[in-house]
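Chains: A, B, C and D, in written order; residue numbering restarts at 1 for each.
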Amino acid sequence: MRFFSDNAAPVHPAVLAAMAEANTLDTAYDGDRWSRGLDDRLSTLFETPVRALWVPTGTAANCLALAALCPPYAGVICHRDAHIQNDEGGAPEFYTHGAKLMLAEGVGAKLTPETIATLADSIANDVHRVQPHAVSLTNATEYGLVYRPDEVAAIGALCRARGWRLHMDGARFANAVASTGCTPAEVTWRAGVEALSFGFVKNGAMSAEALVFFDPGLAEATLRRRKRAGLLMSKGRYLAAQIHAMLDDDLWIANGRAANARAATIGAAAGDRLVHPVEANEVFLRATPAEAAMLRARGFDFYDWAAGEVRLVTAWDSDAGHVAALAEAIAAL
Amino acid sequence: MRFFSDNAAPVHPAVLAAMAEANTLDTAYDGDRWSRGLDDRLSTLFETPVRALWVPTGTAANCLALAALCPPYAGVICHRDAHIQNDEGGAPEFYTHGAKLMLAEGVGAKLTPETIATLADSIANDVHRVQPHAVSLTNATEYGLVYRPDEVAAIGALCRARGWRLHMDGARFANAVASTGCTPAEVTWRAGVEALSFGFVKNGAMSAEALVFFDPGLAEATLRRRKRAGLLMSKGRYLAAQIHAMLDDDLWIANGRAANARAATIGAAAGDRLVHPVEANEVFLRATPAEAAMLRARGFDFYDWAAGEVRLVTAWDSDAGHVAALAEAIAAL
Amino acid sequence: MRFFSDNAAPVHPAVLAAMAEANTLDTAYDGDRWSRGLDDRLSTLFETPVRALWVPTGTAANCLALAALCPPYAGVICHRDAHIQNDEGGAPEFYTHGAKLMLAEGVGAKLTPETIATLADSIANDVHRVQPHAVSLTNATEYGLVYRPDEVAAIGALCRARGWRLHMDGARFANAVASTGCTPAEVTWRAGVEALSFGFVKNGAMSAEALVFFDPGLAEATLRRRKRAGLLMSKGRYLAAQIHAMLDDDLWIANGRAANARAATIGAAAGDRLVHPVEANEVFLRATPAEAAMLRARGFDFYDWAAGEVRLVTAWDSDAGHVAALAEAIAAL
Amino acid sequence: MRFFSDNAAPVHPAVLAAMAEANTLDTAYDGDRWSRGLDDRLSTLFETPVRALWVPTGTAANCLALAALCPPYAGVICHRDAHIQNDEGGAPEFYTHGAKLMLAEGVGAKLTPETIATLADSIANDVHRVQPHAVSLTNATEYGLVYRPDEVAAIGALCRARGWRLHMDGARFANAVASTGCTPAEVTWRAGVEALSFGFVKNGAMSAEALVFFDPGLAEATLRRRKRAGLLMSKGRYLAAQIHAMLDDDLWIANGRAANARAATIGAAAGDRLVHPVEANEVFLRATPAEAAMLRARGFDFYDWAAGEVRLVTAWDSDAGHVAALAEAIAAL
C-alpha cells in the first residue's frame, strides 16, 4: 500500500484512451489539432485569454516560467522549502542562466507579504547585490497547505508595488483549487499571477503539464525556449491529448478532490500527530522511528521526512480500503 | 498520403501495448524496473557494457551528449547541414553553455576525415580562437545517406589522434543499420563513437529516445544534467517501456527496414531526379514547382526543400499502396 | 620595427598623466567623479544623450553590447571574419548565454544590406531555426576598411525594417572616423546604431574602452551585467580617467589620424600588392614567403595572414622613420 | 578621513612606477616578459610549482576559480556572509553556468568543518538535489577574522574526504598572512587549498589580482575561460607589472602589516564596542546612530553595517594621525 508520492500513481484510463485516440498521423510538434486547441481550452477554464503550452515535466514548466519572468542577473524569491530550490536539480539556474533563488520564510512553506518583504528589504539596492525580480509560490505548498485567493492577491499586490513578476508552481493546483473551492481564475490572474505551472502528472496524466501565461506576451519567447531546451516533442499531440482528457468533464478537479478526501481521512485519524493541517493531499505526521516501522510492518510505504516525521501522500486513485486501513493503523499507534 | 516526415507517424501498437502494461504503480523517475533494465538491454544489443538513459526527444539526447563531450569554451565540429545546427533551436548552445558549432563540408551531409581536418586546420591554436573538442555525425544523415563502419572508424581515428570526442546523432540509427547491414557495435563504439543518440520516435515510439554512453563514465554527470534540464519524467517507466518494446523481437530494425524499403521503391521510380542516392528512408527529388504541384494535386503531401527540390520521407508504417501510387506518379511526371 | 598590432603599442603620455592625477582617494567602483562624468562627455561628443560605461577590454564591450541586444535563444548576424566570431574565444556565446553568431559575406569584411538579407532570408522562420535578432558591424573592419555613414544607414534601415538591433564594434572607431571625416554621430546613432564599442586601447589608452548606448534604456541592465562579469573594477577612476584623457583636445581623433597616415604611406608604396584598399591603419599585402622573409630580415615584424599575404598595422606612435623605411623596403621587393 | 574601504585607496607609488616602466612596446595579451614571469615569481613565494594568471578584479579571480573547481550542475559551499554570495552581483552563477552557492554558518564569517558538514549532511544525495562539489573560504573573512593554517587544514581534510575542491578568496590575503605570521604556503596548498584569489587591489595595486592554481592542471582551461570572459587585456603587461611590484621587497606583506597595525590601534580604543576581534584591517564597532553621527561630525567617513554597527576599514596608506584621531574619538564616545 503505497503512500510515497502522487508522482508514482498510474495514469487515469481516460488519459490513456485519449492518447490512443490521438494515435493517428497528424502534424508534428505542436501543429496538431490537440495542441492548437489548448489556448482556447485553458482560456475558457481561466475566463480570460491565455496562452498555454504543453511541457513534459513540472520542472520544465516551472523553469520556463522563471526564465520568462526573471533575467539572468536577477533573483527569484521563493520559500526555502520550495520545490524549485530543493528538488529540481538546479534547473531554475540552468533555465534562467544563473538567476539566484532567494529564500524566504513562512509556516508550512507558505510565503506571506511580510516574509517576502523582510527578505527583500535586507538586500541593499546596489549593483553588488543581486536584486529580486520575481516571486514564485507553490500552491498547494510542499507541505500540503493551500493559498486562498486573498492570500495570493496580497502577494500579487506586493509584486506590483515592487515591480516584480509572479509565478505559481501548481504541481498540485488541482488539489489546491479543490481545497479552497475558489475558481481557477480567482487564485491566479485575478490575484496577480502571471504564469502558472498547471500540473497534471501528479493528478492522473502521464507526461503532460500545461504552462499557462496570463500575460500572453510571454509566450512567444517561451516557445523558442521550449524548443531550445529539447522539450518540443515531435509527437506533441500525445501530450496535448492528455491535457484535454484531464479537462474533459472536469476530471482534473474530480481527481484533486478524490486525493484530498483520502488525505482528509488520514488526517482525521492522525489528530495531534499532524505537523501541518491537511488541506490538500499530503499528510505530515509526527511518528517515532518505531512507530514508522510499525506502520511499514503493516504494509504501508511512505517516506521519512524530517527527524520524527513521516510524509504520506494520496493520489487520485488511492484505494479507499488502503486509506481506511492506514487511518486505523495510525489511530492505533 | 503524407510523406512529410517520419516524425509525424503514429505509434506502433506494440509500443502502445507496452505503455499500457507499464500502467501500474511503480517507483517514480527512473527507479522502476523498466528504466533499471535499460543498461542491460542496450549492453546486450551493443555487445559491450553501456549506460543508457531515456530522454523524451532527440534534441535532448543530442545536446546532453554534446554537454558531456565538450566544455563550454570549446567547439563541436558538425556538418553545416546537421540537425544540431539547423533544427534544434539553439539547444546545443543552451546545453553546452555556449560551445560553438563548427561547420564542415561534405557531400550529402556526410563528414569525412578530410573535410573535418580542413576545417580544424584552419583554426589557429591560440586562446583567441575557440578550439574543436568533439565531432558529431548524423547517421543516417539529414539527406538520407548512411555511414559505413569503416567511414565512421576513419573519423574515429582522426578524433583519437586529435584528442577529440565523438558523438553520433542516430535519430535514424535504425534506418542506417538496416541499410548497411552492419551490427550496431560495428558502426558505433568499435568505430570510436563514445555517445549515441539512439532514436526511436521517428521509428515507431511515442516519446522515448535512448542516450547511450559507450564510455560509461560519462553517464553520472549526465544523470544530473538530465534532471537539471527538466527532462527527468516522474513517470519514466512509460518511456523506458517504449524502448523495451522497440528492442523486443528487433522491432526497431524491422521498422527501419520497412521504411527503407518504401523509400527504395520511390527512389527506383525517381531515376535521374534523385539529388542523393536513397540509402535510408528519405528521398530528395528534383522537381519543378509545377511538378511538385502535380504530385500534390494527386494527394501526396511533402516538403519543398532547396529550390527545385522536394523531400519525401517514409516511415515504419508507410502504406504500400500509397508508395506504389507515389512511385507511379513520379515516374509519370 | 614592430608592425604586429596596434594592440601592443605603448600608452600615450597624456593617458599616463591622467591616471597619475586620478591617484587620490575617491569613491570606489564607478562612483568617482571621472566615471560619473562619462555620460556627459560622450553625450557631447555624440551630440545626443548617451549612457557610457567604461570596460577593460574590447571583447567585454562587444559582448556586453550583444547581451543587451540579443536574447539567448536568438542570433547575431556578423561577417564571417568578424572579431567577435574569430578572436574573442567564445565570449559572445558566454555573455549572451548561447546566442548564435550567423555568418554573412562581404568584401573586406564589410557587410551590406544585400549580404545580410541573403543570409537572413535563408533562415526559415520557425521555432526549429534560431532567428536573427541583431547585427554587429566592425568599423573599421578587420581588413582595415571603413563604413561611410550612408553604408551604415542602409544597414540600419534594414535592421529597423526587420525588427533587429544594431551594434558597432568600434575597436578602431577613431581610425574609421578619421578616415571618412564624418562626425561620430553620423556614423552611429544617426545611422541606426544602438550600441557602440568605442575603442581606446588600440589608440593610446592602457585598459579602458567605452561602451556607449544610444538607447539609454539599455544601460541599466548592462551595469548589472558588467558587475556580474567581474568587470566592475574597484578603482574604476583609473579607467575613466583614460577615456577623459583620450577625449581631451580630441586626442583620440588625432591619434587615429596619425596611425592612418602612417598606413597610407605604406599603402602608397605597396601599389598592386594591396589585398584591400588602405582606409584605416591596416595594410594587407600580397607577399611570397621569400618576400616576407626579406622584410623580416630588414628588421620589420608583422604577422602572416592568409597564404601569400601579410598584415602590417600602424599605431598612434608608429615611427615616421620606421614607416619610411618599410615603405622603401616594400617598394624595393 | 575615509575609513570606507581599502578598495578606494590610492595606488602605491612603486606600483605606478612599475607600470610606467612597462610602458614600452611589447607582446600583446600575456606574451610579454612580465606576464610570463608570474609563474616563477609565485612559485617561489609559495615554495611549490604554481600557475598564476593576472585578472583585473577579485570577482573575476574568484569566479574563474569556482568555474575551474565546480561543474554547472553542482554547488559551492561558502559562508552566508561570503563576498561571492553577497557582493559579486551573481558573478559566481554566471561564470559557473549556474552552480548553486550553498550557505553555511560560522562566527565572524568563518567556516568550520562542523558547519560545513552540517550543511552538507542536510542535502540528500540524490539527483533531485544539487550536490556540493567545492568549498570557498574567505581569508581574511568579510568580518576581518583570519584562518590559521590548522583551521584551513581541517577544512582541507574534510574536502579531501568528501571529494570536494577547495578555493580561498584572498582579497585580503596579505592582511591574513601578516596577521598569523604563517608562510603563504602553510595557509594554502599545504592545508589543501587548490586555487587562491590572491588580492592586490585592496593592498596597493591598481587593477591586478593573481589567480594562483596549486593544481597546475586547472590553469589551461582557465586561460580559455579568462579570454572568454573578456578579461584578457591586450596590454596585460601593465597588470603583470603591478603584481611584480607588489612582490618586490615583500611590499605586499609590508602593506598588509601596515593596514593591520592601523586597525589594531582603532580596535584597542574600541574595547567592549568590538563586534569581532580585530585580526586584520577591519573594525566592526557597536555604535548607536547618535554615536555614528558624532564620529561623522568629527570628519570620519565609514559605512553603517548591521543595525547598531559600523564598519571601519584601514588600508596600506591609512594616515597615522587620522587613525589616532579616530581612536581617540571612539574612546571618547
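We adopt the following convention: contacts are C-beta pairs under 8 Å (C-beta built on N, C-alpha and C of every residue); 3 or more make two chains touch, one makes a residue touch a chain.
Molecules present, by chain and UniProt name: A, B, C, D = Threonine aldolase.
Model, not experiment: these values are computed from the prediction.
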Across the interfaces B-C and A-C, which one involves more C-beta pairs in contact?
B-C
If contact pairs are compared by residue number, which of A-D, C-D or B-D agrees with A-B in over half of them?
C-D
CA centre of chain B versus CA centre of chain C: separation in Å?
42
Between chain C and chain D, what's the gap in Å when you average each chain's C-alpha atoms?
34
Which whole number of Å gives the spacing of the CA centres of chain A and chain C?
49
Shared-contact residues (touching 2 or more other chains) in chain B:
29, 72-74, 88-90, 94, 97, 127-128, 224, 227-228, 232
Contact residues on chain C for chain D in the complex?
2, 4-5, 7-11, 16, 19-20, 23-29, 55-64, 88-91, 94-95, 201-202, 206-207, 224, 227-235, 238-239
Which residues of chain D touch chain B in their complex?
29, 71-74, 97, 127-128, 131, 221, 223-225, 227-228, 232
Interface residues, chain A side, partner chain D - complex:
72-75, 86-90, 93-94, 96-100, 127-130
